[in-house]
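Chain nomenclature is as follows: A, B, C, D, E and F, assigned in order of appearance, with residue numbering initiated at 1 for each chain independently.
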Amino acid sequence: MNPLLIEDAVRRALAEDLGDAGDITTLACIPASALSSAVIAARASGVIAGVELARAAFRLVDPRVEVAVEKDDGARVQRGDIALRIEGPSRAILTAERAALNFLGHLSGVATATATLVEAVKGTKAKIVCTRKTTPGLRAFEKHAVRCGGGANHRFGLYDAMMIKDNHIVAAGGITRAMTAARAAAGHLVKIEIEVDGLDGLKEALAAGAEVVLLDNMPVEDMKKAVALNAGRAVLEASGNVTLQTVRAIAETGVDVISSGAITHSAPALDLGLDFL
Amino acid sequence: MNPLLIEDAVRRALAEDLGDAGDITTLACIPASALSSAVIAARASGVIAGVELARAAFRLVDPRVEVAVEKDDGARVQRGDIALRIEGPSRAILTAERAALNFLGHLSGVATATATLVEAVKGTKAKIVCTRKTTPGLRAFEKHAVRCGGGANHRFGLYDAMMIKDNHIVAAGGITRAMTAARAAAGHLVKIEIEVDGLDGLKEALAAGAEVVLLDNMPVEDMKKAVALNAGRAVLEASGNVTLQTVRAIAETGVDVISSGAITHSAPALDLGLDFL
Amino acid sequence: MNPLLIEDAVRRALAEDLGDAGDITTLACIPASALSSAVIAARASGVIAGVELARAAFRLVDPRVEVAVEKDDGARVQRGDIALRIEGPSRAILTAERAALNFLGHLSGVATATATLVEAVKGTKAKIVCTRKTTPGLRAFEKHAVRCGGGANHRFGLYDAMMIKDNHIVAAGGITRAMTAARAAAGHLVKIEIEVDGLDGLKEALAAGAEVVLLDNMPVEDMKKAVALNAGRAVLEASGNVTLQTVRAIAETGVDVISSGAITHSAPALDLGLDFL
Amino acid sequence: MNPLLIEDAVRRALAEDLGDAGDITTLACIPASALSSAVIAARASGVIAGVELARAAFRLVDPRVEVAVEKDDGARVQRGDIALRIEGPSRAILTAERAALNFLGHLSGVATATATLVEAVKGTKAKIVCTRKTTPGLRAFEKHAVRCGGGANHRFGLYDAMMIKDNHIVAAGGITRAMTAARAAAGHLVKIEIEVDGLDGLKEALAAGAEVVLLDNMPVEDMKKAVALNAGRAVLEASGNVTLQTVRAIAETGVDVISSGAITHSAPALDLGLDFL
Amino acid sequence: MNPLLIEDAVRRALAEDLGDAGDITTLACIPASALSSAVIAARASGVIAGVELARAAFRLVDPRVEVAVEKDDGARVQRGDIALRIEGPSRAILTAERAALNFLGHLSGVATATATLVEAVKGTKAKIVCTRKTTPGLRAFEKHAVRCGGGANHRFGLYDAMMIKDNHIVAAGGITRAMTAARAAAGHLVKIEIEVDGLDGLKEALAAGAEVVLLDNMPVEDMKKAVALNAGRAVLEASGNVTLQTVRAIAETGVDVISSGAITHSAPALDLGLDFL
Amino acid sequence: MNPLLIEDAVRRALAEDLGDAGDITTLACIPASALSSAVIAARASGVIAGVELARAAFRLVDPRVEVAVEKDDGARVQRGDIALRIEGPSRAILTAERAALNFLGHLSGVATATATLVEAVKGTKAKIVCTRKTTPGLRAFEKHAVRCGGGANHRFGLYDAMMIKDNHIVAAGGITRAMTAARAAAGHLVKIEIEVDGLDGLKEALAAGAEVVLLDNMPVEDMKKAVALNAGRAVLEASGNVTLQTVRAIAETGVDVISSGAITHSAPALDLGLDFL
């Protein structure tokens, strides 16, 4: 991940929470000189992600706040485990608390959802990857959280790889023509993936020399046939209807990659709380 | 909601998806002159929110794209219902599609989760409200989505109302002192809410003239006693352990407001898709 | 005040003053190695506000400049009093001087104008508050300066409290209907104020349960009657024709709050100057 | 003035006033379909400045609002004169009103204060000019307002002309050396002004070939001598203790330029109000 | 290219040229009502790039300016050829002229330098590609200009493909280990290129399954051997010492791709001028 | 130069190079704990400019990187000379390398091109100055680089001096009228230059009291006559057809200033490289 993105994102979150008037309750009730120690602890089990964003929230509100990391990004936590220890001016800790927890809870939620799928396919060769179905404004961080959870990244956007979908195929006049058009336009460091919805499509894609093929919403039986037909030539990605219930069966077809939008767009936040000591 | 926030948020999402190189697949496979019609349709039932953000995504990529709204923010949809009809250059529709759907899916998810709780408390006087546990960068939009789902808004941030929590009470030297300090600092248009974790706290808060009291993680039986003890003086907010399973019983205690973090931080996206006609 | 706003505002002021070429006179005439001591002193009596913005101006131009605060925000100064002591590279002190003084002079002017009105109503229960008639781009700082001068803050913007004015009342179909519409839309932490221009309006507002009522441009005699009629039910705010000549009489009517636009939009700058030692 | 600066400044002002939640009173009380006509009228006499900023405020909130200009920048108004006619959605007019008036009132205040000094020196050759003592963030607009009031502009910042002040002279080792250093560094399109505090300084500056000399806080009698001594060689600027009371006498000494900080940093806002028709 | 990048870049260029005071010469000498027609014409032969940026410059200064495109991006021009026809307010045309020409001249210079190399290798299979040696702030536009000149794009940044260089190889413990580490970390849509400086390196890279290999500063004779040794397995990129004198010989070795930093970092501007009609 | 511009420009360059995913090769191949020493050395002779931008690139990626300056801005380097020594985390050095070199190479290229012209006119009184034909987004830095190369700066933009060109003259109705209009609008610290294309124009300009005159594309013989005719009254600037071949002859005509667009818009980058030790 590009670490230079962190400060902007955290400033935006703090601006949202502090507005013009700031933390008016804390300014009214807590003396400026008060110092506190606190911890951020897990209230459920999961995988941590977003520690650097949480740290930045405290630091940006007051550089005197010290944050010690007990559980870094990628670490598994159980209910009660302490992730971060925080020390410094009480006002700053209270003011930054929610922004820090909102990042940490959301991204740890993504990491945890990913880890659950990764666990489910253990022993197969399938990698769990995310999609572009991310929360607007947080893609770089969610892509990072997916890696913290043991998953891998699909392309980051429309710009870093080609993905030829059904509409591109129709507009270009078929799979072969679309592959040709894409290859002519792509630089020598751009990978091209093509989406097919059946075995005929796969055959045509392979004949056109496809390196990566997305099997779109295919029944598990067809995926097995696709793996056999492919015989190791292209990287095969399974997409559609991927849930904790279905993912093992999909992985066992022998596909290389299984993509899930839900691990980014529908992951519940991991429950984490800040407690003063 | 402040409508001037939309363009910035959508530009940020498009920047994330387009990078420097843009939609390289579409540029390679779709002629600049191609025109298309498409619809955004629901693939599950729920409540729509975020239509203006989706519209802005298409318009910012190409002002020639026309978007007609069939289901506006707050409308209920069933699987198959068309929410938006889109017409214009095929390239722009494909390029903006994911940014538009990411906003619409996420915010409709928040609206739908809210509506589910609102439905569950129907007939009681309890209002469902959101918290500050929102997705960083999207608070204004999620607060709006909560209203689309029939909920109401808690304070927007640390700046627009006072909420005296346990740490403020401890630092100030008790409930009465904290209330006094808060009142002295608050302008005449600032409301003050105080958090209590039991009936003794409630009594002290009411004695101190509290207008709004948060009952933090109280058992339902205690909440009933709190409602009786309060006798209509303060607005009572129930917080903690609010789920679809518990919310009806909480509402039936007679509290005025029930707050849920989950409707913003853990709402799964509503499944919506774009189909070319 | 949200302290994270300071750096952006000061960077904008420095950008305005330095342009692309920077401080070309100082670069030409002062060696890079020269060090100086200087003070910022009052050339008239008043109340200081904006010390943190002045400090930031020096620090952003060169982090080696040290600023010691003799008179912090809210302190009264007499002609000749030293507010800040500055030490460091001469170039940076000269380059940041005007930006620092422009903030300090303007905000101390607001604090001083506020303090003058506050002094004038001493002994009454009336609080002096500011309005939304602030200098564009500086609202958070001017609201803070009003507090430095002993005043209190009205709402910060259109977003943090409701203020039902004549046009809202007309559009809603009367005071009672406007109050009903406002209450239905307001969250439980939003206060509602309603503007009336006479005793009949006040009666209707109180009957509708108004908590805060603005008495718009009423003669002092009518304000007295309004206070009697109100009998402590709503918070009463006097607005309109508030000057140093009129404010005492207004305060003595027994109103709770007196609002003045002039303390923010028409306060002359406090005369402060930087002197090299 | 650079017209591209307007939109950013107005967006910043609107952000300040609308926050995340927007104009919650208007959203609650005024139907989205309501249309209104309104005028912005003067409630005191003065000179208008800032019309384009006021227009932009309405347009940015809703492009359907139409603004017709009756009194453009530089026009004199009397109490009751209509400056702008506004037509469009009632909500947008109410929401943008304060931002529009805050710009118009402040900048017209600057123009009016300038015009008062310009009027006072009528018939002399002296030009009234502003300084760098401007409101942070609004310099370009205040410089423009000064021109609307009949004044002229001093340099815009530290970057567009050299101004050798006492500290530069001391550091450089005297007037002649400072002039030499400045000339060596200045491009061929950079003017150099030097500040002197007496006739000896003026003599040395003229001997060093100064083109523009600032007479700092000199008594009127000395200024007369300075004008005689100068004999038309350099442009002479009078600075310090410039008030409505003193300005005529200063002008009659024969100086070319009289600079005033007060016309930008201490001009009271011109009273303007928006009335619905 | 992402078209949403254009406005920001052009606004930045206009801000640089207009400052706060704007185009003071034009405001002084040209009446606001004056209208003009002008053309942008080539004063040397080359390839056009950047037309959309030039258009945006005129449009942003004044939306009434109409720009008709005679020679679009990628078109060859000869001295005297008209690229753009411009009509509208004279002031806006003069004010935007330099910003428009600076983009057009620079980017057409890049396109022209690219086209010269492309021409030189005509008939071979070698593609000319750019590098990351671009002008800071203009990479997306320069990458686009390279394509206008008939070249292709290398990776856009550090983020969209892996390029294992000598330092990575040393740190990883050799070519094979570096390839293994890179593969383990790379998503399935990320291409990996590895740099070698001799035939032994190439052998090891091919043995490790490299898909793309950069031949760093190899003599032409060694490149020929590399092409033979590779036998079509990996894409081979020649890098280093690429000039108009050497490029043909490099291309004739049979490499697939030849990269040049000079086409972006050292391309002289194409001479274009704006003439009023 | 305004030093506050550096961080923004470098952040923009790093954003361009790092995208969302960051330096994926380095993250894959280099351990986080690895430390390195490196140098930036010249691979050709020239003049250094941009050292502060290069330093900022390393510091912004990781504040632990230490950069020692051996050759500061304005220093001449020969092939092999070390300009900067860099020490710190290997990852950060690799990640920031290209951004640092792109600034340093480009700006040193401008400084070197300037120095070449300055050297060519040595012994004459002519100063070499740059124009507004700069690279969009980099003007302040290129103007600084010109000074590093021994040149001087023309105006920075349209805002800091007046330059009356042929179109202004035509629109104003002749040289005398244009001068009159310009003088009436210009503040007392604004210099006015007027462009003439022949001796008649020069005569009229001098008669109108011009202080600075640009001789546009005049033959050397005419420039000599212009210098004689001028007799030291105005500053004379030669413009047009300035190359290394022509510049000496132009300087020997006795003009004061020679302006070159090529030193900013067409200077090849100075070849500099980073080597690990």
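Everything below uses one rule, namely that a contact is a pair of C-beta atoms (placed from the backbone, for glycine too) under 8 Å apart; a residue touches a chain by one contact, two chains touch by 3 or more.
In this text, all values refer to a predicted model and were calculated from it rather than measured experimentally.
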Touching both subunit C and subunit F (chains): A, B, D, E
Smallest count of steps, each to a touching chain, taking subunit D to subunit F: 1
Furthest chain, CA centroid comparison against subunit E: C
B-E compared against A-B, more contacting pairs: A-B
Proportion of interface numbers common to subunit C and subunit D (over half same, under half different): same
Interchain centroid distance [CA atoms averaged], subunit B/subunit D, Å: 45
Subunit B and subunit C: spacing of chain centres that average the CA atoms, whole Å: 33
Centre-of-Cα separation between subunit D and subunit A, whole angstrom: 52
Set of subunit C residues in contact with two or more other chains: 2, 16, 18-22, 139-140, 153, 156-157, 159-160, 163, 190
Contact graph of the chains (line, ring, star, complete, other): complete
Residue ranges of subunit C touching subunit E (in the complex, touch as defined): 16, 19-20
Interfacial residue positions of subunit C with respect to subunit A in the complex: 1-5, 139-140, 143, 153, 156-157, 160
Interface residues, subunit A side, partner subunit E - complex: 2, 127, 129, 152-156, 159-161, 163, 187-191, 193, 212, 235, 237, 256-257
Residues of subunit C defined as touching subunit D within the complex: 9-10, 12-13, 16-31, 34, 36, 90, 94-95, 98-99, 101-103, 105-106, 109, 132-140, 156-160, 162-165, 167-172, 178, 181-182, 184-186, 190, 261-262, 265-266, 268-269, 276
Subunit C partner contacts - residues on subunit A that touch it in the complex: 11, 14-15, 18-22, 60-61
